[in-house]
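Everything below concerns the one structure shown next.
Chain lettering (A, B, C and D) follows the sequence in which the chains are written, and residue indices restart at 1 in each chain.
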Amino acid sequence: MSAYWLLVPLLLPIVGGAVLGIVKPHSRKVMEITVMTVTLLTSLCVAVLLWVRPSEEAFILQLAERLTVKFFLDGSSCVFAGLIALLWPIASMYAIEYMSSEEHQNTFFAYYTITYGVTLGIAFSANLMTMYMFYEMLTLVTIPLMMHGLKYKAVVATRKYVRYSIGGAAFAFIGFIAIAIYGETLDFRLGGVLTGASGNRTMLEIVYVMAVMGFGVKAAIFPFHGWLPTASVAPTPVTALLHAVAIVKAGAFAIIRITYYSFGVDFLHGTWAQYTVMGFAIFTMVYGATKAVKEQHCKRRLAYSTISNLSYILLAATLMTPAGMSAAFAHMLAHGVMKITLFYCIGAVNVKAHKYYVWEMDGMGKRMKLIFGVYSVAGLSLIGIPPMIGFVSKWDIGNAAVAEASPFAYAGLVALILAALLAAAYILEIVVRAWMPREAEKTTDTVSTGETSAQETSVQEFLPVGWRMRLPLVLMAIAIVVGGIFSVPILRFLADVAMGIR
Amino acid sequence: MSELFANYLAVVAMVLFGIGFGNLLLQKNLIKKIIGLNIMDTAVYLFLASMGYISGRLAPIITDGDTDARKYVNPIPSGLVLTGIVVSVSVTALMLALTIRLYRRYRTLDIDEITLLARQEHNE
Amino acid sequence: MDFVRNFPLFSILLPMVSGPISSVMSGKKAKWLNYAVVAVSGLLSVATLVYVLNTGSTYNYSMGAFPAPFGNEIRVGVLEALTATFFCFVMLLSLIGGYRFTKVDIPEEKQNLYYIMMNLLLSSLLALIYTNDMFTGYVFIEINTIAACGLIMIRGWGRNLLAATKYMIMSLLGSGLVLISLSILYGITGHLLMEPMHEAIVEIMENKTYTEPLTVAVGLFCVGIAIKSALFPFHSWVPDAYGYSTCASSAILSSLVSKGYIFLLIKFFYRVIGTDIIHQIQVDDVLFVFGIAGMVFGSISAIQQTDVSRMIAFSSVAQIGYIYMGFGLNTEAGMIASVFHILAHATGKSLLFISLNSLSDGTWEYANYRKLRGAAYYHKFAGLGFAVGSLSMVGIPLLAGFTSKVYFAKAAFGVDSNPKMLIALVALAISTILNAMYFIGQTINIYTPLSVEHEPGSVKHSASARVAVVLFILINLVLGMGSDPVIRWIRTGLVHFGAIIKIR
Amino acid sequence: MLGPWLIPVTILVPLVGALLLMIPAYRKNISVVRTTTGAFVAATGLLVVAVAMLGEAECEFLEILPDMPVFFRSDRTSVWFSVLTVAMWMCSTVFSFEYMKYEKREERYCVFSLLALTALMGVCFSGNLITTYLFYEIMTFASFPLVLHEQTKEAVSAGLTYLYYSLAGAFLGLVGIFFLYRYAAPRTVSGGLLAYAAGGFLRTDLTDSERSLLTVVIFLMLIGLGSKVGLYPLHGWLPKAHPVAPAPASALLSGNITKMGILFTVRILFFTVGPDFLRGSWAQYALLGLSLLTVFLGSMLAYREKVFKKRLAYSTVSQTSYVLTGLYLLAPVAAVGALLHVVFHSIIKNLLFLCAGAVIYKTGRTKVEQLKGIGLIMPVTMVCFTVGGLALVGIPPFAGFISKWYLAAGALDTDTGVLRFLVPVILIISALLTAGYLLTVSADAFFVPRKEGEAEEEKREEPAKGPEVSLKMLIPLVLLSAAALAFGLFPGVLTDFLNGIMDVVF
């Protein structure tokens, strides 16, 4: 099967979205059907491609000497593309119900669909040039999604986001050029492409740190995480899919790429550069979790938790061992699934019950059983309670860190445990409030219902939760549990990817 | 010290150039600026001419059919000077024209005042 | 001797002659004549380019009876021809794009004068590109200045007069410095043609006579050119001059005029002084520092502007900073990057100015960013053009700006001293961020349908502007995606410049 | 051979019950709920007995992690703990039927108690570290709703405290598991790399640095597991959680769930690293020191405590640390004593808490000084209480005596320096304190006539028919005190059984 088939899932959503944005169908039905068909078709293509892996590369065009646009499908691409392709249709389904009351829906869904293609582009990139290109494009196409509300806050948040991530890209660009100069090629090769670069070692290490920090902006690493909590003013489908999966994971993916495929672990392993980056990741894990505990606005709390969890990925990635790489991918998958689910639950509560803050969640579990049931499952998984998927990735990271057996790795282990505890704090507070709210002193006459009269009154303002919201939630919950119990094949696949067998 | 006196013309030229430059840069009054400009140009001409002039030789105008180059001074600097004069005259003319336009409009020659007035005009 | 060898001279003389002719014409006729002249000169340059590429060598074209080292010469190489071609077409497109505003802004009776100035500008630019004689260079610098001044003041507002005055004063200071440095050089070398001057200078450097005057002269020359091409500390005249002139003027001034001077500086470096000597007397480091400063502070002051046209003007201060930074690296790669950036920036800036004027209907009331909000929904093409131009300035892949950024970065890695390398790279990154802050911010702004100040009735579309915008976007994309041949030409051109150095 | 399959069935039965009770339609009628709960607990009990009869058996399930299957095994240790657990569960369940009558959400209580039973069964029968950890975590989450059952402000905060302490402990355990996974000896047995093996399964070729690192890790791990047991410094949750939880829940918490921490410790000490690994290392002394400190502190605090259930909670802290001391001595006799004390303390503490529950249920009195003369109102309860008290102090012929004897003897024939003398001393001191804080209560209850007028204001009207509490409550009390006496008289069965374990381990 020719590698040029990769262009199909790449262009399908881009073209489809563009058409949608230009035509702007008047009936909402048409729009929904287009979006769903395009998304599903794309995911289907991705599935097929993952099944029959085209081995060679697809060369598209040459920008300048050594700067070519090429696509291919190696193990890592499979992981990332698989995650995206799995989540996107579900997300679109959810989004369609969520956005049903908003305006400018055509534009929104147009860009929503285009973003799918661009993200796949990052996954399929065969060299740094291509990845950098799609990385920038991702920034640009998500701008309209973020400022969808067009409220003042949205615009401010968008500006912040743009400045942060273009700035990050500017620093990542330096690393990219460094590879173009010193590497023997810009293509991704497991083990790195720096061969004759021993001469300017210090420079390259500095540049590597710059590059990781640059890509780290999208991955919300500590000093550059500011945009993420601000960005949670965007509508939940955006926050959930982009700010918990697509954009941030793209950042992490890019870091994995430059670390393992461009600079190469045998160049970096044991240098101060590795420890610097690792240190930032370790700090961010704890920092994000702490901020999450302090935060009272549910979505922002989840955003901070995302910051912390992304640094799990970065920690694993910066271990710079095959085990670390596979652990990073494992947590990338796990966190993608879990966090999107959590966001969906909170989003559903926001839009259906108009409750946004933690203290408003008292006794909501009785009201929205399904939503909070799913929330509890995903939450426990995020804390890392077996047998759910969150535990699997935590297990992987922990083992990788222990096997690395360096002081920094042990520090990372400690941070991992600390962050997990804090995660318990910020997740379970909501769970407990929802199911077992504090009550006024128990009076024997109110019989066996956990609701005080105050909550009784506020029942009627609830909107019903439609199947388009329920189905994604249920699917996700199933995915979390099943993925946790039958994780072995996935883990073996990831290990093979990290070893370069797949 | 001695070489300063040796080619005193160059020194004078430089001093003049400095004066002119300073005036063109620092004067508020447009006319004075233009005068500074002219001083500056003149300084350069003096410099060029002093370089071209060799004492005891004639201007390079052949009257008695004597074509021995050693009798004459180097003609190129004089040519340059002439060109330069043309240029500076035209530039001066342009500057003066501009000054007149500005004066007609704002009734002052002070560049700062003019800036102020222009900004007000813009803001209305 | 092929007939093509005369083309450069023709392309200089043609506009020079047609200028006076058009003084007796009506504005419309003058316009058509001017367009035709620009187009023809462009074609001539193309022919020259093809010829030079085929012969693969350069030639000197002596004017008048006197041979070198006495007579006056023009020199034709790949780089000259390429730049000339490019300038002609950018000028043509800018004229077309700005046509509607030219018609509106300039009183009917003065139209033909405007085109006279345009012709003069073209011929002086081409002369600056081709000349092989420093003094001729000086003369045409002055002519260029006068023409540019005319273009600025022609709009006739008080602000334009003021801008023109400031521009004149600054550039007279500049040209004064250039003139004095040339005289000093003439004094110590005794020549005005580039090759003999270079030989003399090499000798001077070898037997250590007159090194101080040489240094002073080079320094004065650089400062003079820097003032005229608005390098960072000397940019005070830029915002008014670019910001308030009519569309075509702003586009051409910002994208071509300053570049003409810079081109002369390149020739000065390579063919008169020689890069190694430049390095010995450490002019390059100075330029590097000022270039970096320009990159950063230009953008910073651009961010502070509320008037978008002034913002774009300041951004070209930053871009000039890029170019000088490339000089400062003082490597072949750096020079290539700078030259390529001259082209890339020329397209981008003209595109930006034309789109902005279409968005704001050429009035400065509407150039305020609040008024511009949502304008892109009324001027689709202009909005697109502005977006593309901005992205190219920020350096988004597939656009020209990205390619030049890549070459700058590569050049920076080529430097042998780590600190310089690091400074250059970080400065690139930071200025990218700053560019993003105002350019992307503006793009978001014009696509934000909040309180729209435009009443749709007043919206006037101009087909010519659209054509220009589309063509500029195309050029930008071509430079972005297919930059290889251009780069190759630039390299050969520079090698031909440097080749003279290497032989001796 | 159906032995292997009985184990998962045993674990699943209560789960099924819980799921059944989650069906809204089903849980409408409260009596149905009660019968279901009782039935499922009883069924579990029978299955456990059956498994115990079948002797050694093991069964392996799908790998949840690479070469790490869910693996169940029933050896003597698991039988020991499971039988104990399920027996106690029966008692407290029967008791709860009456007690919970006037609590809210009885059905939720039943659901979570069944879930907790599932988890405990899992921990008992788990055959490798991962499985244990899995059910250990589940146990935490299944049991904390029991703590904050009443959902008052204190209850919720107590529940969360319990949760965070347990999680912290469990995560420390997880860290330990990471390291053990790295240093486990490569072998191919059913149950994967981390399957328990008597005497430990560590690599034999550990370098000194690795060894010292591992010592630190194991130390931290045991501290972490101590959080469930109530080992200082992670004991803080016990005194917060017990007073607010309903009495049957507290009984289970301190009677059984703490014991799961002990079981995990046993598994680590004897079946993972092996008793020889820590013996003589600084870690052993540190742990012994901590446990003895806890013994002492626990009884001191209990002595000073005025709130009845809180007092019992502190006593739990100290008593469970007896067990830990016995284990940390890493000597067979002491270990026998420890495991005996597990059973005895579990029985006794259940008994005591149920008594306290009965008193609260009947009179609503929670303070100690309010109990003066209560013996005259509810004599049977207080007699049982007294029996429990005597047993806990360790007066022959009651059960506590035997275990303490073994503990002391075991301590004396180890070579742990000064500690071998310190242990008995501390034991005696704390025994005296125990007498001080328990027997005084019963003494007051019977012999000090209580002042008039106090009775009325706190007395609850509804249940007060007849002086004594109903039979449903009394039967468990009587049974438990009988057991406390019986095991005191005939400990032989138990000791033989335990010696069987020790022969394998040491």
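To be clear about the criterion, a contact is a pair of C-beta atoms (placed from the backbone, for glycine too) under 8 Å apart; a residue touches a chain by one contact, two chains touch by 3 or more.
All values derive from a computational prediction rather than experimental measurement.
Novice: Would you pick out the chains that touch chain B and also touch chain C?
Specialist: none
Novice: Which chain is most central here if centres come from C-alpha coordinates alone?
Specialist: A
Novice: Report the inter-centroid distance (CA atoms only) between chain A and chain D in whole Å.
Specialist: One centre to the other, that is 42 Å.
Novice: Could you please state the distance in Å, as a whole number, between where the Cα atoms of chain A are centred and where those of chain B are centred?
Specialist: 68
Novice: Based only on mean CA positions, could you tell me how far chain B sits from chain D in angstrom?
Specialist: So the centroids are 104 Å from each other.
Novice: Report the inter-chain centroid distance for chain C and chain D in whole angstrom, where each centroid is the mean of the CA atoms.
Specialist: The answer is 85 Å.
Novice: Give me the residues of chain B that touch two or more other chains.
Specialist: Within chain B, no residue contacts more than one other chain.
Novice: Quick check: what residues of chain C touch more than one other chain, meaning two or more?
Specialist: If we look for residues of chain C contacting two or more partner chains, we find none.
Novice: Taking the top-of-page definition of touch, could you list the pairs of chains it picks out?
Specialist: After working through each pair, the chains in contact turn out to be A-C, A-D, B-C.
Novice: Going by the contact rule at the top, pick out the chain A residues touching chain C in the complex.
Specialist: For this pair, the touching residues of chain A are 61-65, 67, 129, 132-133, 136-137, 140, 143, 147, 150, 155, 158-159, 162-163, 166-167, 169-171, 173-174, 177-178, 180-182, 200, 202-203, 206-207, 210, 214.
Novice: Give every residue of chain C touching chain A within the complex, in rising order.
Specialist: 391, 394-398, 402-403, 405-407, 409-410, 413-414, 418, 421-422, 425, 428-430, 432-433, 436-437, 440-441, 444, 448-450, 480-481, 483-484, 487
Novice: Give the list of chain A residues in touch with chain D in this complex.
Specialist: Spelled out, the residues of chain A in touch with chain D are 380, 383, 385-387, 392, 394-395, 398-399, 401-403, 413, 417, 420-421, 424-425, 428-429, 432, 436-439, 441-442, 444, 446-448, 450, 484-488, 491-492, 495.
Novice: Along chain B, where are the residues that touch chain C in the complex?
Specialist: The touching residues are 17, 20-21, 24-25, 30, 33, 37, 40-41, 43-44, 47-48, 51, 76-77, 80, 83-84, 87, 90-91, 94-95, 98-99, 101-102, 105-106, 111, 114-115, 117-118, 121-122.
Novice: Going by the contact rule set out above, which residues of chain D touch chain A in the complex?
Specialist: 62-66, 102, 104-107, 130, 133-134, 137-138, 141, 145, 148, 150-153, 156, 159-160, 163-164, 167-168, 171-172, 174-175, 178-179, 181-182
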